[in-house]
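Per-chain residue numbering starts at 1, and chain names A, B, C, D, E, F and G are given in the order in which the chains are listed.
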Amino acid sequence: MSIKPLGDRVVIKRLEAEETTKSGILLTGAAKERPQEAEVVAIGPGAVVDGSRIPMEVKIGDKVLYSKYAGTEVKLDGEEYTILKQDDILAVVE
Amino acid sequence: MSIKPLGDRVVIKRLEAEETTKSGILLTGAAKERPQEAEVVAIGPGAVVDGSRIPMEVKIGDKVLYSKYAGTEVKLDGEEYTILKQDDILAVVE
Amino acid sequence: MSIKPLGDRVVIKRLEAEETTKSGILLTGAAKERPQEAEVVAIGPGAVVDGSRIPMEVKIGDKVLYSKYAGTEVKLDGEEYTILKQDDILAVVE
Amino acid sequence: MSIKPLGDRVVIKRLEAEETTKSGILLTGAAKERPQEAEVVAIGPGAVVDGSRIPMEVKIGDKVLYSKYAGTEVKLDGEEYTILKQDDILAVVE
Amino acid sequence: MSIKPLGDRVVIKRLEAEETTKSGILLTGAAKERPQEAEVVAIGPGAVVDGSRIPMEVKIGDKVLYSKYAGTEVKLDGEEYTILKQDDILAVVE
Amino acid sequence: MSIKPLGDRVVIKRLEAEETTKSGILLTGAAKERPQEAEVVAIGPGAVVDGSRIPMEVKIGDKVLYSKYAGTEVKLDGEEYTILKQDDILAVVE
Amino acid sequence: MSIKPLGDRVVIKRLEAEETTKSGILLTGAAKERPQEAEVVAIGPGAVVDGSRIPMEVKIGDKVLYSKYAGTEVKLDGEEYTILKQDDILAVVE
């Protein structure tokens, strides 16, 4: 992976519907908006608050839920990724 | 439970009307919006402020009141959950 | 009382007009909006700022003035209560 | 006086035009909005910032200038008062 | 002078055009808005930030430039003054 | 390079499409807005927070992704540059 | 120079197009808005944050780039100056 996000940003790769079903999360085409599942592929060093760096809560390989409207999409080596702030990640799915 | 929320987020499961009646909270279909009752099923590690982590005020199993417009809904293993920030929880019902 | 508010929230019970008159506060139906009088029935542990908890200024039993548009109403055991932030309370009436 | 304001709030009683004229402040009915003169009748304990309480700058009996649109009016024992934040007071008139 | 401003507020008296010309500042009736020149007649004790009081940068007698839309006008002993926050003063003219 | 940005600002030079393709980032003319790739040519000393300067995360020569709507364009010695805040940079491409 | 700006304000004098060309910055009449070049003629003592004064990053004589919509214009001894906050200065041109 050749993208190193800044601050508390995270690079994630959206998981397809099949893989989503395996973990038990159903992302149906319902009328109500639901969060997307994705895998963390790169993390920033963490935000700096009052002179000290806050460690990141997510790590590479984590499966996470995030709002599909958060972040910025980028295409690298033909694959789609999303760069977003860690605070836009709702939860880690284990 | 396989969802681990980040920061000061909480995963709650809405309690049905029957269970609500037992605890004495009436959630009638009145015109005026009233908070929903729910049970906490997972909590984050707490927010980090000025370099130290603030302990969570709610714990797993707590019955809580929250605004029904707060948070994001997610379906896990066929069950509906809501992920919201602890600050969107109004009170613990004991 | 079985509601424990979070943070610096307070649960209050609105005082009726008769009781209000006894304390000398007149809450007439005037055109100009006036604050409501209520009694504090439960208080949260206080907000956490910079890692230390700020003690609450109001205590259970206090008669308080608050804006009638503040907070969220909740019905418990057939009685109406309001959950609001302590900062929405204007003053204690002694 | 039986109202104890919270935080950095202040209870003031508006001074009538006659008394205002004695101190030399003219509050004419001019087109341009001018601040009102009032007397402080009760003060809160002060705001809490970073865990320490900030002492109030005004004291009971002070004559103050304030914007007539600031604060909330309340009627106590037949008299009109205004509850406002100390920061809405412009100056003390000596 | 009998007005004592609170916090970091300042009481200033607008300088007339003649005096303005002496110091070399031309306040013409141009289409473009220009700051006004005034003299400081009273200063507050300074704002309190994190428990310590910030000393004022201006002192009584300073000639200052300020935006003519800032602050509140007040008439005292027949003279017009403006009460404004020190941050609304752009510069001291020496 | 003769521009020294202030605070946590960064001066970057946009990379052309050819160079972009070499690093594997495809910036196609798609309907969806994608970040631009650029090279850092000058960095500020870092922002000052609570009296201490935060070191910059990017360095001169870094290839970065940034939103094409961020910052201000400036022309120097016939070349186009963009001055933007480091927080508007999404990631470093390595 | 007889203007002493307050806080982190700076007084600058806009450089004319001829001088601008010498330093290599072209400020053409293009459709796209570009920053202006100016020379710093006076600086404030710096902002006070958390009780300590932050040193200024620019000094008298610096050539700077700034947005032409920032700050307030003032005429002194027949010359035009602009008073603006240091944060509205994008970069120093060396």
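In this text, a residue touches a chain if its C-beta (ideal position, glycine included) is under 8 Å from a C-beta of that chain, and two chains touch if they have at least 3 such contacts.
Chain labels with UniProt names: A, B, C, D, E, F, G = Co-chaperonin GroES.
If you're wondering where the values come from, they're calculated on a predicted model, not measured in any experiment.
A.B. asks: For chain D versus chain E, what separation do you get between their C-alpha means, in angstrom?
C.D. replies: Measuring from centre to centre gives 23 Å for this pair.
A.B. asks: On a C-alpha centroid basis, what's the spacing between chain B and chain D, in Å?
C.D. replies: Centres of chain B and chain D (C-alpha means) sit 42 Å apart.
A.B. asks: Can you list the residues of chain A that touch 2 or more other chains?
C.D. replies: Residues 50.
A.B. asks: Is the chain-to-chain touch network here best called a line, a ring, a star, complete, or other?
C.D. replies: ring
A.B. asks: Please trace the ring of touching chains beginning with chain B, moving first to chain C, and write out the chain order.
C.D. replies: Loop order (chain B start, chain C next): B, C, D, E, G, F, A.
A.B. asks: Tell me, which parts of chain F touch chain G in their complex?
C.D. replies: By the definition above, chain F touches chain G via 2-7, 9, 11, 42, 44-45, 48, 50-51, 72-78, 83.
A.B. asks: Once bound in the complex, which stretches of chain E touch chain G?
C.D. replies: The contact residues of chain E facing chain G are 23-26, 28, 32, 34-35, 49-50, 52, 54, 57-58, 65, 67, 86-87, 89-94.
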